[in-house]
Amino acid sequence: MARLIEYEEAPPEVRAVFDDIKRTRGVPDVNNFWKALAVDPPLLRATWERLKAVMAPGALDPLTKELIYLAVSIAHGCTYCIASHTAAARARGMDARMYGELLAVVAMAAQTNRLAQALGVPVDPAFEA
Amino acid sequence: MARLIEYEEAPPEVRAVFDDIKRTRGVPDVNNFWKALAVDPPLLRATWERLKAVMAPGALDPLTKELIYLAVSIAHGCTYCIASHTAAARARGMDARMYGELLAVVAMAAQTNRLAQALGVPVDPAFEA
Amino acid sequence: MARLIEYEEAPPEVRAVFDDIKRTRGVPDVNNFWKALAVDPPLLRATWERLKAVMAPGALDPLTKELIYLAVSIAHGCTYCIASHTAAARARGMDARMYGELLAVVAMAAQTNRLAQALGVPVDPAFEA
Amino acid sequence: MARLIEYEEAPPEVRAVFDDIKRTRGVPDVNNFWKALAVDPPLLRATWERLKAVMAPGALDPLTKELIYLAVSIAHGCTYCIASHTAAARARGMDARMYGELLAVVAMAAQTNRLAQALGVPVDPAFEA
Amino acid sequence: MARLIEYEEAPPEVRAVFDDIKRTRGVPDVNNFWKALAVDPPLLRATWERLKAVMAPGALDPLTKELIYLAVSIAHGCTYCIASHTAAARARGMDARMYGELLAVVAMAAQTNRLAQALGVPVDPAFEA
Amino acid sequence: MARLIEYEEAPPEVRAVFDDIKRTRGVPDVNNFWKALAVDPPLLRATWERLKAVMAPGALDPLTKELIYLAVSIAHGCTYCIASHTAAARARGMDARMYGELLAVVAMAAQTNRLAQALGVPVDPAFEA
């Protein structure tokens, strides 16, 4: 089980990252993931800076990015990541029907991925274009 | 390498599925995946029927579904699936910027998933709600 | 791509393992896997000795063991392993219908595994007994 | 943690699936997996219908299918799936010796799969036949 | 949840392995992993004998081997293995800075692995040499 | 198959990254991975900047970092990554015996990870300290 660093006991460089997370997300406290990552301040900073840039609105809207993040977390079987990104996707607008369809697509992909691997299907020339 | 069943040599129940795929997608021939799956006609039919239902428009639009499918295929490391769903996502509107952002989200998730697993982060009570 | 050690160039401790594989399986030459593993003779010997013991007939018959081996190789997405264990399962009696059913079970498991992970399903008390 | 839908609170289309599971398996209640999947009734129905067809006796007997299902669940690292399919395999006749041999095969495959991937072993021409 | 076989209830062939583990590692009791594996005495013995040989000092020192073991366990997402090999690596000298750097490398590899898979990068000729 | 961006056709922001890679590593050209990643210049820059920081000497020496990177790439089954990091580890001093021992540890971890997952081994209280 992770050691969680709370704000009160955190060194200044950790507090600075926690403050930025709270300000960016408008939340009163950071999630356990960040408290656990705080055991290594440079890793904490680098992870947060990159996450903030990657998840900012761009050509893909924030909800779509969260759905992709959640789908990958399910494929990896990461319990914490599934829980946190299911919550994040809901907060960004994922309703029950969208969630059911996401599950169906992830389950479909898991199934056809194994079939394609088992059969050793050669890539269609049209896909290389 | 997969044995690929071409339309000409296919038994009637395989031809019926191939015909439905071509009609539904408006394509002159089916992809290698379906030709490989045709070695087992019941599995071919069941896979196609379910795929058609899952990928139909619903609460999530077809492009979003393809992005999720592609993200899972990348997480599974399935070469054929990555190639075919990259092509499918492009056909549904994924441009270069969207692709770059999808890659960034998938790579970010791969990274934070490993960190959460390594640290054994406990799920925040707020995520259980 | 692997460096493959052929019998002619192999040192005595590698030849001894190759000879045992050929004798045990009744084949004129060993597969590429063993030729590749021969770059490290102690690893070659340990892997072969353990494989021979694990795959010998026991409470599970050799075909059932090969089906399990193949299923795991598909789940891992290992191209070489899928190819070699599909061939081995066929040599031990897997026919086209059995292969189709194995694929269907593997695809089903891939699908329900992702759903159980996504939903965070708690283990039923009855399963703990 | 999953929200579990109990029979009493379930809508008619969910009850119909639950009834079919109980009838088919001769059990007084469905497992948590189905109660969790009931948050999306169409996904519940599609998953059950397919599972029932895939796990029915065919060219492979039900125990062999359960062993394959369990092996894939272990390879995926899905805690719930391992628990439920270990119980199901036991109910279908897997005894302690068979279980030990299944574990040995799964562990062996995990090991040789990584070695084949690490070494980049080329597929033997004989396997392509 | 695993059934754990304690020393007192263990048959002689299990006790012999437990004794060797305790002697080799200088510990008063074996970890839960070995107690769980004891349900199958031949698998217990084979796993321990191989582990002892693999982790002995050689061209790589014991700490480096533990770091590699831990990295693979994180990549597989195995909760128990991450916990036990984090403890083992610490016992062999992994301090907080080394742990932070290990996490950073594992996270980096997870990220670039997905990017290489997504992009289908062809292997550089120089790597084949 | 990836589209590879060569230096001559690359826009200025890609050339700047390529120049930094060549300077840092003392090589005449960048690997295919970077040429493929160049389809998305911001992702290219972020990945390189982070990689350069992570792989710099620190509490772990560069060879140990490469061994960890290679081990994770094998666990993920990423063909390109295995090829490139095997070459990189060799360039940093990994000889044949070290490579054999790395393979043995990775294979051992793959094996015991599956066993621990299959058995549902509870984490020892001592590991939580």
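A, B, C, D, E and F label the chains in the order they appear, each numbered from 1.
We take it that a residue touches a chain if its C-beta (ideal position, glycine included) is under 8 Å from a C-beta of that chain, and two chains touch if they have at least 3 such contacts.
Just so we're clear, the structure is a prediction, and the values are computed from it rather than from any experiment.
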Looking at the contacts, which chains touch subunit B and subunit D alike? A, C, E, F
When contacts are scored as defined above, which chain pair ends up with more C-beta pairs, C-D or A-C? C-D
Approximately how many whole Å separate the CA-defined centres of subunit D and subunit E? 27
Using mean C-alpha positions as chain centres, tell me how far subunit B is from subunit E in Å, no decimals. 34
When centres are defined as mean Cα positions, the distance from subunit A to subunit F in whole Å is 21
Would you give the residues of subunit A that are in contact with at least 2 other chains, written as numbers and ranges? 1, 39, 43, 46-47, 50, 74-79, 83, 86, 97, 100, 103-104, 106-108, 110-113, 115, 117, 119-120, 128
Quick one: which bits of subunit E touch subunit A in the complex? Just the residue numbers, please. 77, 96-97, 99-100, 103-104, 107
So in the complex, which bits of subunit C are touching subunit E? 1, 46, 50, 53, 128
Applying the document's contact rule, which stretches of subunit D touch subunit C when the two form their complex? 1-2, 4, 31-33, 36-37, 39, 43, 47, 50-51, 54-55, 58-60, 64-65, 67-69, 71-76, 78-81, 83-87, 95, 97-98, 100-102, 104-106, 108-113, 115-117, 119-124, 126-129
Across the complex, what residues on subunit C touch subunit F? 39-40, 42-43, 46-47, 76-78
Given the complex with subunit A, which residues does subunit C contribute to the contact? 74-75, 77, 79, 82-83, 86, 103, 106-108, 110-115, 117-120
